[in-house]
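After the structure tokens below, expect a handful of questions from me.
When the chains are written out, they are named A, B, C and D in that same order, and each has its own residue count from 1.
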Amino acid sequence: MSADFLYTLEVILNGLMAGVMYSLVALGFVLIFKASGIFNYAQGVMALFAAMTLVGIQTGQIPFAHLINAIFGTEMHHFGWQVPAFLAIILTVGVMVLFAMIVEKYILHHLVNQEPIILFMATIGLAYFMEGFGDIMWGSEIKTMDVGIPSGGSLWLEEYTLGWAAEGERYWGMYIDKLDMVATLVAVILVVSLTLFSQYTKTGRALRAVADDHQAALSVGISLRAIWVIVWSIAGFVALVAGIMWGAKSGVQFSLSLIALKALPVLMLGGFTSIPGAIIGGLIIGVGEKLFEFAIGPMIGGATENWFAYVLALMFLVFRPQGLFGEKIIERV
Amino acid sequence: MKIKQLATVALTTLAVSAPVAADLVFPSLSYRTGPYAAGGAPLADGYADYFTLLNQRDGGIGGVMASVPECETGYNTAKGVECYESTKGDGALVYMPLSTGMTYQLIPKVTADDIPLVTTGYGRTSAANGRVFSHVFNFPANYWTGASRIINSIMEEAGGDISGKNIALVYHNSGYGKEPIPTLKALAEKHNFNLTLIPVDHPGQEQKSQWLQIRRERPDNIIMYGWGVMNQVALQEAANIRYPMDQMYGIWWSVTENDKLEGMGSHGYKGATFHNVGSNYPIFSDIQKYVTDAGLAAGDGSNVGSVMYNRGLYAAMLAAEAAKTAQNMFGVKDVTSGQMRDAFEVLDMSAEVMAAAGMPNFGPAFQVSCANHGGPGLAAIQQWDGNTQEWKLIGDFEAPDMEVIAPLIKADSEAYAKENNITPRDC
Amino acid sequence: MSIQNTTADQQGQPEVLLDLKNISLSFGGVKAITDISFDIYEGEVRAIIGPNGAGKSSMLNVINGFYHPQEGEIWFDGKQRTGMKPYEIAYQGIARTFQNIALFKGMSVLDNLMTGRFTHMNKNLFWQALWKGPAEQEEIINREFVEHIIDFLEIQAIRKTPVGRLPYGLQKRVELGRALAAQPKLLLLDEPMAGMNVEEKEDMCRFILDVNDTFGTTIALIEHDMGVVMDISDRVVVLDYGRKIGDGDPTAVRNDQTVIDAYLGVSH
Amino acid sequence: MFYRESGDFKKTYRDDSQTFPIKFDRRRYYVVMAIAFLVLPWFITDYIANAVMIPFLVWAIAALGLNILVGYCGQLSLGTGGFMAVGAYATYKLMTSFPGMDMFSVVLLSGFITAFVGMIFGLPSLRIKGFYLAVATLAAQFFLVWLLNKVPWFYNYSASGQITAPERSMFGIIITGPYASPVTGYLFCLILAIGLAWVARNLTRGRLGRSWMAIRDMDIAAEIIGVNPLMAKLSAFAVSSFFVGVAGSLFFSVYLGAAEVTEAFSINVSFAVLFMVIIGGLGSIFGSFVGAAFMVLMPVLLKNILVGGLGWPTDLAAHLEFIIVGALIVIFLIVEPHGLAQMARVLKEKLRLWPFPH
């Protein structure tokens, strides 16, 4: 095989993996949009907040230390203990559930039946709030996420594929990051368990009922408020997973919240209401932008990925305005 | 109606809340929030702590207390305007905006307001031409001299010849990151090496494409002009593809304590710097005694001695020395911003001055002149030691290839002068 | 009571305003309309009736260009129509109301009616931006016309109320007003009396007849209330399962055996 | 008491359709204008002009533009930052290519250039609706920023891609550049803001505005009434982009004086303007001004209270600022989803009836 072909293959594989990382973020959006029609811009900040909380709990940080020190003139930062990763994750999930309850009680509850754009703006307000709140609670310095996920290129794969290229070509074997492989595995488990949950549990059925028709669901005795808390909790959990993966990749700091921007074209492509759409959309965006950067990027100066993802999604949309897997828009008079 | 009330309250607050007029005002436009907070916080701490030290230990500068009103910009240029306007009325002596974008914005403004603008290691490189940029100082080094210094170091290691080598520039795709490109292009022509440009968009969490490209092309060296999260991700990706760390060079904004990997991950990673590292200087015991122990530190103390903290300290020292120079020059205690500008123009940062300030050999010795606001552009190379988890200086502060840079500075500054109708001064 | 068509009476031979020839329409594999032909005379009130799902609304949608039939010809005002957009058809002089009220909810009654005048206004963006001068002149002229309609429909008091706040019956009336504001040659009414009480229905009947009388507007309407249809229409076309099963004046249709079997028969 | 309309009859349609039908409103409007034009310039300081009034006016123009698109035509857009960048770079190119051109023409031409670009990026709106369109407009945002950053011609081949506004004047008065007095900058922006608000008012009360609102409220009915959706949407995109382009032009030339596209016109700008529009009130010209005032004044006010007044550390204050602004947005949306303009309207209704409760 020629090295060029192998390189292209490598780009495609890595694109798929990157796509999975985008999908992880997009999933949270889809869950909430499906259940409540809210385009939750705060999903990215939720991922940041969850990751910060996880690291904070793990390393025994004192919440609001900076604020307390500023007010009382004390000098305290750490409890001085370390919490095992597993326990810390469980505690963080608890925090995210609490967060979901607060959001439902103080925001969503008061905005029932508002127009989508109002709800959207409310979530941006929420994102602002959480950005400031997270920083006050845990501090704004860069933190390292360490929950034992391996990273670095897979040596085994590199050596195994080294001989594939023709003799004498510049080729160093296939490169795939172990972290990406783990992320793929996690994403698969996440999607399968979400599907099982929504298909085979009572709560899952209620969720789907609400997604189909709020009024009808209400009329058969499903509590909308409870459902919203559950959905936001699940979305919080998904945000935590995304936060862990992205945090392990780039450290836990402010920019983590900007991953939301990478999820938007995925949503556009996959449709706001489809979980498989979020996955497939992520894969298409991942491969598309990486291939474009690989093939065309060097000719036009590079750094094309940010806009190309959107343009790619836009091109799909022009032909299918509701996204690949979105519900068909039927116009009637 | 409500808005009007708010506006009234706002306006009255603005009028009332003007800081207490201190005698020497050194505003600090800091960013302790936003995407670059991790770098901005220690920088601002160092700047503030130095003046606190002077006030506590020496009773200010020449007997006049210094004050450092801090204004949070969040690395946002629009907020920078607000900060500039809100502090300049208090008799600000010098501005150090700590952001390239804000520097560009302030260059015309400070010139009109007769306040010196000092950008240590950032900002507009061609501002080194004092004939065009009368109020802007970018000593001791800038992005172009830094790039040249890195190339020199690469040449040294290669035994003086880098013709035919491949060097990649991984840069933050913004004004800051693009700065070194003309210099590197000129140097590539001169030394006959191949330059590959690899931009990374803000914020730079996803750099897979870029590093796959690097892995394919295997450049002999990498120069990185990164900032914020981009640095950490780049280092992680470099380690992932097992790129040799000692062939990687960062500019000074890419070689801080935040820019490292766990354990030996980034051992050997190098970078250019224009000031020394570590806390092995007399001044640090004074800071401990007069500032930290007295509970007057700007930060929580954990940053003292870090690269960014030292950079803040160093910048403050330059400003304070200029203030002293101005006091001596004009024989007054309360210097004005115009006098500060004149002082900066004749600033002599000799080894003795630095030693007297408790920071011997902390930065390069240099002199500023009317025509040259950038100094000789001396820079050193620092290297990360994974064993001790700290940066170490390797080699001395050395001069860049001014033969290449000087014409570039001249061309760019003259283009600016022409565009803005500025007649260069006679120097 | 049947209002006689003046044009038809005077000339003996009525003039055809709209002529539909062999129209077929299908969505994917589903046939909505199969080979239907009928015509509408200038100045008459033409009713389209039929059970639910007979293709009545689809027929209206074909007439005003929202759906494009796969087969057949449409002749309006002596010209054959080919592939027109709905807004072009509006310019030809066809206006309509909708089964489910389709008013512009964020606008006042007055603005809704003024929007109906859209096809009669033509000052471009520049004049609009300047306002003073031609644009204002045009606005005032059209405002006068709209005020006539407001008087006619007796909705003076709610002129500046946002339509979203009005009760159902009034909304229907405003919608009729909006269609009238366009001064259409052909007015399509899709169940104008659906969901109304007897009084409101009587009002609406009066308006429809008055429109037909005073403005001479040709009207095609879909209605379920047979009493109303028989009373106010000149001719009736009956659809069932996308096919035409009857056509003629109300009495003839009422006595047509096929129609009775397919449609009226059900209710007996 | 003084807020009464009884006895204030309109005898012509012209009177009936004027902007401020109630005498009290009309008087208040003249008073505000008089203060803005005649009183404020005497008292304005550098700080008030450059950090409060100029940004307020510039953002108000941008908000007006976006409000035409989102509030009147119902097309959700997140490309505002990109369009402002087009306006800014057009201004820079015009200023440096034609040094003799007066600022007014430069700004308006930049607006027209942006309008053209906006129309191109408005084309997908014919197929794509709602949030899908919002995300699609992000393509414009990212692509335009990339393009302006990548092609050196746009920034005259300078080393870093920064653009700096040279000194330009009009009628011999310096408007841009460091030597422009804050009063001229303020008045220049004020005249443009008032003029554009007047244009926006004219456009939205006439035929074109009604066609936009018709598309917003029910696009199918609008089309059947004779509104060409292509023309309505594209004209909304064009007019909106014109306003946004003018705002971008002023943002760069009068307000910041220098800009770098990735920093000054990032996605945050798009969100900020959308905020102003929604907080102020969708489909309200007054609301655009109120929204801009809120988003400009709030942070300044908070900063001055927390840092200046209470002496908090700047970073805590900045975090708290985020929390408070975020919370306020949510609270406002809960209390009055239709924005501050709607609040004012409700208040007005109450005042009309005062002192009777119903």
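The rule we apply is simple: contacts are C-beta pairs under 8 Å (C-beta built on N, C-alpha and C of every residue); 3 or more make two chains touch, one makes a residue touch a chain.
All values reported here derive from a predicted model rather than from experimental measurement.
Trainee: Report back the single chain whose CA centre is most distant from the CA centre of subunit D.
Mentor: C
Trainee: What chain is most central when centres are computed from CA atoms?
Mentor: D
Trainee: How far is the middle of subunit B from the middle of subunit D, if each middle is the mean of its Cα atoms, in Å?
Mentor: The mean C-alpha positions of subunit B and subunit D differ by 36 Å.
Trainee: Approximately how many whole Å separate the CA-defined centres of subunit C and subunit D?
Mentor: So the centroids are 42 Å from each other.
Trainee: Return the distance between the CA-based centres of subunit A and subunit C, expressed in whole Å.
Mentor: 51
Trainee: Where does subunit C touch two or more other chains at once, residue-wise?
Mentor: Within subunit C, residues 66, 98, 102 contact more than one other chain.
Trainee: Where in subunit B do residues touch two or more of the other chains?
Mentor: Expected reply: 32-33, 37, 41, 173, 201.
Trainee: So which stretches of subunit A touch two or more other chains?
Mentor: 66, 135, 140, 301, 303, 306, 333
Trainee: Report the residues of subunit B in contact with subunit D in the complex, numbered from low to high.
Mentor: 1-3, 6-7, 9-11, 13-14, 16-19, 30, 32-33, 37, 41, 70-72, 74, 76-79, 81-82, 85-86, 88-89, 100-101, 104-105, 107-109, 111-113, 124-126, 173-176, 178-179, 181-182, 201-202, 408, 412, 415-416, 419-421
Trainee: Once bound in the complex, which stretches of subunit A touch subunit D?
Mentor: For subunit A paired with subunit D, touching residues are 39, 66-67, 70, 106-107, 110-111, 114-118, 120-122, 124-133, 135-136, 140, 261, 264-265, 267-268, 272, 300-301, 303-304, 306-307, 310-311, 313-314, 317-318, 321-323, 329, 331, 333.
Trainee: Flag every residue of subunit D that touches subunit A in the complex, lowest number first.
Mentor: Residues in contact with subunit A: 70, 76, 124, 127-132, 135-136, 138-139, 142-143, 145-146, 150, 220-221, 224, 267, 271, 274-275, 278, 282, 312-313, 315-316, 318-330, 333-334, 337.
Trainee: Applying the document's contact rule, which stretches of subunit D touch subunit B when the two form their complex?
Mentor: It comes out as residues 45-48, 50-52, 55, 96, 146, 149, 156, 158-162, 164-167, 177-179, 255-260, 262-264, 266, 290, 293-294, 297-301, 303-305, 307-309, 313-315, 317-319, 322, 340, 343-344, 347.
Trainee: Quick one: which bits of subunit A touch subunit B in the complex? Just the residue numbers, please.
Mentor: 7, 10-11, 14, 17-18, 21, 66, 69, 73, 75, 77, 135, 140-142, 144, 146, 151-153, 170, 172, 175, 177, 246, 249-251, 253-256, 258-259, 262, 289-290, 293-294, 297-298, 301-303, 305-306
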